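Here chain A shows up in two complexes: once beside chain B, once beside chain C.
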Partner chain A sequence: MIEQLPILNLLVLLSTALVIPLFKKRTFNMTLWFGFFTLFFVFISSIVLTYHVYVHGAFYYHLGGHAPFLGIELLIDGFATFFTTFVLGLLILIYSYSAGDATEGISEKEYGRYYILLFILLFAMLGIIYTNDLFNIYVFMEILSITTCSIISIKRKKENYTSAFRYVMLNEVGSLSFLFGVALIYMITGFTNIGLVADALPDVWALYPANIILAVGFMVIGIGIKAAIFPFHVWLPDAHASAPSSSSAILSGIVIKVYALIFVKMLFRLYGVDLLTELNIPIILTVTASVGMVLGSMFAMAQKDIKRMLGYSSVAQMGYIVLGISLFSYLGLRAAFFHITSHALLKSALFLSVGAIIYKQKERRINHYDGIGKLMPLSMGVFTIAALGMIGIPITSGFISKYNLGLAALDANQTILIGVLVFSGLLNAMYYLPIIIQAFLKEPKTPVYMIKLEKIPLTMMLPIAILGLAILTLGIYPNLVMNLIDLAVESLGF
Partner chain B sequence: MIEFLQMLYDYVNYLGAVALFIIGLHTVVTHSNLIKRIMGINIMGTAVFYFFIAIGNVTGGLPPILTDTPGEYINPLPSVLILTGIVVVVSITVYSLSLVIRIYETYGTIDQDEIAKINERENADD
Partner chain C sequence: MDDIIVKSITRIIIPFVQLYGIFIILHGHVSPGGGFSGGALFGTSLILYTLIFGVDKAQKKFSHRVSEIAESGGILIYLSIGVIGIFTAGYFLSNKAAGFPLGEAGSLLSGGMIPLLMIGVGIKVASTMVTLFHTLIMEERL
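The block that comes next holds the complex of A and B.
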């Protein structure tokens, strides 16, 4: 029975998306509750799967019972179960926030459509994490990119249309490059199953090196565009800034992380460390990641709009993740995975608290944030915690991930990376601290007694508070997830 | 020279696919007309599909249908994959064309440069 859960999860999410339009005549609350229960069910079932994998080990699921070289194969291991559980847990929080706020800029008839897109998005993300087939990854990637674009363009504003258009164009270039890579791999091995290709690659490497080099290039660039890895990040700030706040949290917190996970899967499960080291991929990645970490923060400093600033900050943070991956070691990957978790929490907390501020104060310009901490103590408090996490102050989860990254860099004898890490942390402080100081130490422009304090719906306040607590908890007890992360790293062959 | 021509002849399908891919990429990146950029995406997609079909082809092979005639047959799997790929690219095209309609309604133009100018003017007003 438990073996059937992964496919059940996918089907439940997909059918929820299909059922929501039927509720059109009913009240909107019914859609919300229905969606919430499905999410909760899938969350529970993925916890069960995590436990099952932890105790009994990884297992394969063959769709329709076809052999792996013919059909699609799902691989349920520590890597897949940990990240699906995490994504779903975070999504439940963002979902309950979105019940209060997603509707900004969307007409009332279209509330339901937002949730249709959300569930298809989730379906695609889970599919990508589970699947063990290259072509299947491509298909899920396309579903993911079309839903993320429409979740941006659902808001009827002009900048949403242009940024969604830019996003869809670059995303398509990325997907097609990836597909070209898959074609090159299929040409020499005759498989699209990741496990079978990985077995065949060492033999064909001697015969057709040109194919493999091209395939690596196409795939790294293709996923690099989608994961906003430094030189390919141009679409990200506009897209993430113009989306509704809850979607920004999903896009910046989860979706680009899912692409980073495909990146990891491709590097370690498909090509393997030996082949990539021969092609100098680690050095290329380390350099781009370091440049991205520094330049992303510098761009962020120049922004006047707070959501655009957070978008650029995501570019810099993706640099940290790629840096961890590029060390190609157990410790490096462990640090990268922890940073994926911690940055997903931090960025969602930032976007949601900023979303609450925008919801209440209708203000996105950073220089108008004087005294907001006094008007909205909870939102700004969580913003502060998350911003301190971004800088890497102890007792937040951001510190643990930077500490682990530093250890991994030392382990790889790359002391210069420690310098880059510290410098980038300083840059982060330079654009996050002024906002905090401004918000708490300056007097608000409107006198305090004129405005009611923090009047936002409970469904929005609760997720923000939980995220703030989660950041602190992970900062103090990182071992809560470390066991699972270790399992995930081991399942990638370390 | 003869060897080079022979090589061109042997790999003409692969080279053609790569050429199409580059033409498509060039169109997407350099043109400012949004419709032309969507066309570029389509050309890129066609290139990849063409490449897939070329991989599966066996010179002088039979169609992959179960008959009594013995002999080599063409690999059907790439064609099947490409059917999925075509559906995906069509849906992306439809989506981006609908975006272009919205852009035309709000901006009154579908030229990237002019849209950028309009945006700049509005930001200057703020």
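The block that comes next holds the complex of A and C.
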């Protein structure tokens, strides 16, 4: 029965999204609880799967019992189970936060719709992580980008429509170029199953080099646009800044990470290290990642709106992840995976605490944050922890990931990358530290005794606190997830 | 549209369009077409009704609530047929192995579960088309 759990997870999430609209007559609370139980069930089942894979090893699931070359195949291994569990755990926190803060800019009528979109989004993300079929990845990518677009535009304001339009245009280019890559691969191998294509590629590489070079290019650029890897990041800051805070956390913390995971899957499972090294992909990726790390931080420095600043910071942090991937080594991938988890925690913590501040103070401009730490100690405290993590101060999880990245760079004899890492960390400090100093050391504009202290709903406060604790825990005991990450890296063939 | 010819012709034509839509949905597994194209035909007939008789009358015939239920219901039919496979054959969406009778190739009652799936797809597509069209018209009014 455990073999059925992955498909059950997907079905449960999809049917939740379908059942919510039928609840219209009931109260909104019922929708919330129903969704929470669903999420909890899926979370438990993916923990069970993680344990099962840890003990018994990876397994395949064939939809409809068809052979892999005919039908869709799901591959459940260390990589898939670890990341689904992580995504779900983080999503439960953000979900309970959104129960308190769903009001931000969304009209009362749209609540139900917001949760429908959220569950379809989650369904697509899990599907994309599980599946072992190129065309199926494309289908889930389309579902993901359509739901993301709707979530961005759910506030029904002019700026949301602009950024949603920009998002959908650029991301369609990304999806289509991925599809074009899949078509080129299918043309020469006759398969869309990743395992079968990977077996066939070495034979056809000599016969059809042009096809493969084009396919690699299209797929790298396609996913690059979706994952906001440096030169293709223009859509990200607007889109993530204009969405409601809880969805900014999901988009910036989880969705772009899922695209980074497809990127990893495509590079190492489909093409393999030898082919890509021959095409100089590692060097290209290293350069774009390094430029992105520096320039993303520089753009972030120039922002006045705090959520836009966090959006640009995500661009820089995607640079770190791609840098880890581009080293093409066990250590590099390990560091990249750790940074995916750690940055997902950090960015969600940042967006949620900023969301709480916006919820209470209705203020997004950075230069109006004087003394806000005295008004909202918990939110600003967690913001501080997460910001220190972004800079890479010890005892936060950000330090561990940067340390691992540095080790991986040294291992690959690329000492110049250490310089880039340090410089980028310095730039991070230059835009995060002033906010912290401003918030805690300056006096608030209105005297403290005149304002009520932080009073936000418990459902919002608790997730923020848990995220802050999780960041510190991972910083002190990184081995809690390192074993699972090692398993994930090994399942990619290292 | 207040034209007696257009109204009468539409009244005559709609049942035939719908019948043809249902025909295409049910013959998805033996001839070109299937749930999507048949559902689109069926939805077009309802759109034609909206165009001729106005959105208010159309809302009475096929209200937003009904189309919402049909949209969710269509996929739920699909999913529940797929889930049968998990229990009887061990794989989601299994066809022959799950015990669906395959019948004689080429006849209407063949293909196992595929005609049943097509009915779900057809319901979903038809109601989605109508919902989209009605939403576009309603948006204009605001």
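Following the convention adopted for this analysis, the second predicted complex is superposed on the first by the 494 of 494 C-alpha atoms of A that agree within 3 Å, B and C clash if a C-alpha of one lies under 4 Å from a C-alpha of the other, contacts with A are read in each partner's own complex, and residues count from 1 in each chain.
Convention: a contact is a pair of C-beta atoms (placed from the backbone, for glycine too) under 8 Å apart; a residue touches a chain by one contact, two chains touch by 3 or more.
Everything numeric in this text was worked out from a predicted model, so none of it was measured.
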item	value
Simultaneous placement of chain C and chain B on chain A, clash or fit	fit
Touching partner for A:Glu172 - first (chain B), second (chain C), both, neither	first
Partner, of chain C and chain B, that touches more residues belonging to chain A	B
Contacts of A:Tyr111 with chain B and chain C, given as first, second, both or neither	neither
Touched partner set for A:Phe59, first chain B, second chain C, both or neither	neither
Which of chain B and chain C A:Ile7 touches, first, second, both or neither	second
Which of chain B and chain C A:Phe423 touches, first, second, both or neither	neither
Touched partner set for A:Phe36, first chain B, second chain C, both or neither	neither
Per-pair minimum CA distance [chain C against chain B, superposed on A] in Å	8
Contact residues of chain A, present in both the chain B and the chain C interface	none
Partner chain A, residues of chain B touching it in the complex	21, 25, 28, 34, 37-38, 41, 44-45, 47-48, 51-52, 55, 78, 81, 84-85, 88, 91-92, 95-96, 99-100, 102-103, 106-107, 115, 119
Complex contacts: residues of chain C adjacent to chain A	65, 68-69, 71-72, 75-76, 79, 82-83, 85-86, 89-95, 97
Chain A residues within the chain C interface of the complex	3-4, 7-8, 11, 14-15, 18-19, 21-22, 24, 61-65
Residues on chain A engaged by chain B in the complex (per definition of touch)	135, 138-139, 142, 145-146, 149-150, 153, 158-159, 161-162, 164-165, 168-169, 172-173, 176, 179-180, 183, 186-187, 192
